[in-house]
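First chain A sits with chain B, and in the next complex the same chain sits with chain C.
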Partner chain A sequence: MSSSIITFIWYFGTALELAFVVCSLVRRSFLRYFFLNLYFLSALSSSVARDFALSQFGVNSHEYRYTYFYTDALLTLALYVALISLYAHVFGELRFGRYIRLTAVLLLLGTALFSYGVVAQSTERLSTNFAYVLSQNLYFVGLVLTYILWGAVLKLRESRTRIVQFVLSLGLYFSAYAASYALVNLASKSAEMYILAPVLGCFLPLSWTFTMWRHTDDSRLVPARLLAVAR
Partner chain B sequence: MSRKLGALALALGILVCSMGLKTVLSSNNHSNGAVVIANGPEPWPGGSPAPSKP
Partner chain C sequence: MMAAIIFVISVATLMMFFVSYCRSLMASSSRHTLSKEVRDVTGIPNMASGRDFARVMQLLRLCPERPEDRTGLQAVGIYYDILALLEKTIGRLVPSWHAWTEQELSGCANYAVVVLDRRIAFSREILAQQGEF
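The block that comes next holds the complex of A and B.
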């Protein structure tokens, strides 16, 4: 039963990733949000690679495991670049583009050096462990960066609906994984993640596709209203 | 020059915050030390990429 559910979630999530790229093309926003599209195109490519490894070797094989975590490292890198592109959108009018790029490169280099330092003592499977640790560390860097960006969106009173909802979705996506991680720790087992991880993987393409389809670049909202508490 | 130093300080600060958060979360992990991350809806193979030795 769980196998068919996981397969359904997989195909549904892949369809959503494709839908975002198609929506961007239809809405003529492909180049404007190029790095978001690049992330989903990378996700589609990795889906093909993972599908091949899964069909050839099975979900418990070392080959699928390596394919999964290597492509995951590449996707985390692509998501990092997409997040930096959202920074460029938010801070674009302030002419901070050069310093954002510089900080992003320094942060990526620092994360890579830190990750290398962590795995340097392990001579066995150095490249695999490096890719995995770099991916983990970039995930946490992305989590912190997203919350900083959300603070900037509120402080700068960013009103473009697409940008606001992209950032919010990304924050929820990262937070959901952190919450699921805590849940797994509480349960002392990772069986739930076999269903939960693919479901969470569908959230980002679903919310971003909805945003891309529902709103245009001219749509505006007031982010402060999102924080307003009804009295 | 000062802005470049500011960018470097900001990058270091974010890195320290991120790794601190990771350490806090990882310290409570009593399974295998692996932090669950995933991109995409594909079936999760579980654990870390390093396979157990035969």
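The block that comes next holds the complex of A and C.
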């Protein structure tokens, strides 16, 4: 796979991330969805840092490897926080905020400890392995949490179009990423599999920007229509 | 083994989220009232049936694209193809499945009609703007 195609997808994804932030500013929803914007701003900063490391040290350098894996772990953390903020939106009226935050922190610590336990057995490249395994595990935890959140959206008959589509896009993104990580492991880390990550990376900003641009905070949908089996 | 289990679970949830995402797109356009123009052009009075989808897609290709509709239309198009495939295979064996897929295919066609309606309005807007210059 040509590196120029991967670079193009990378720049395209970065443009989409910027588009979401601009769109939420134009729609005056920046603060309402602050943590979603924070995630994309972090993604933009990571792209700048990775681009700098790439141009200064080259793709095979330790510096680029560290920058890539640590920014990836930080981005996964930011996305985890964005997911928890969607929980806060859905459960906002039920005053569960404190319990949600506490559970989220405990789950994050548990995932970090589990990841450390996995990589501690091999001393070779412990720090980059930790960042990689933490990202991988957080994606799977994120997928499970999004699945639970989707159940809550259906149960509480959430009708806000933006919230519903943000949650569903995140679910699609997490499950596609978790599947791609598993596929990379199954396919013995073949080079062709590495194109998946940048392609999938474009999906979330694309669908969230579409949702932010297409719908307002007042847009509502009929919750019963979301169920696959008609009631 | 663990990777294979995670892969299967992830693909299953991916499909579940994809179906729900498409349904949310269709649900978000369900309150749209069709204009007289689109009802005349398509010959659909209120509700489209699954068979109308291909015809509406052909009409959509004749109108200028609106960037904000592209993602949703592609997703619903993929959903329609999957449903049509399921209808041709499982639908023939399980009669109860047939009613459900027909309802979903109709939802896809209705979504396409709403997009067509928006594109016609968009084209009119462009023409009106050009007329001002």
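The rule we apply is simple: the second predicted complex is superposed on the first by the 202 of 231 C-alpha atoms of A that agree within 3 Å, B and C clash if a C-alpha of one lies under 4 Å from a C-alpha of the other, contacts with A are read in each partner's own complex, and residues count from 1 in each chain.
Just so we're on the same page, a residue touches a chain if its C-beta (ideal position, glycine included) is under 8 Å from a C-beta of that chain, and two chains touch if they have at least 3 such contacts.
Quantities reported herein were computed from a predicted structural model and do not represent experimental measurements.
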First (chain B), second (chain C), both or neither touched by A:Gly13: first
Which of chain B and chain C A:Thr161 touches, first, second, both or neither: second
Which of chain B and chain C A:Phe140 touches, first, second, both or neither: both
Most chain A residues touched (candidates chain B, chain C): B
Partner chain(s) touched by A:Leu206 [first = chain B, second = chain C, both, neither]: second
Chain B versus chain C as contact partner of A:Ser29, first or second or both or neither: neither
First, second, both or neither for A:Leu172, with chain B first and chain C second: second
Contact residues common to both interfaces of chain A (with chain B and with chain C): 140, 143, 178, 181-182, 185
Contacting residues of chain A [partner chain B, same complex]: 6-7, 9-10, 12-14, 17, 43, 46-47, 50-51, 54, 59-60, 62, 64-66, 68-72, 75-76, 79, 99, 102-103, 106-107, 110-111, 114, 125, 128-129, 131-132, 135-137, 139-141, 143-145, 148, 177-178, 180-182, 184-185, 188-190, 193-194, 197-202
Residue numbers on chain B that touch chain A, as the complex places them: 3-4, 6-8, 10-12, 14-15, 17-19, 21-22, 25, 28-31, 35-51
Contact set on chain C toward chain A in their complex: 3-4, 6-7, 9-11, 13-14, 16-21, 23-28, 30-31, 68, 71-72, 100, 103
Of chain A, residues touching chain C in the complex: 140, 143, 146-147, 150, 161, 164-165, 168-169, 171-172, 175-176, 178-179, 181-183, 185-186, 206-207, 210, 213-215, 219, 221-222, 225-230
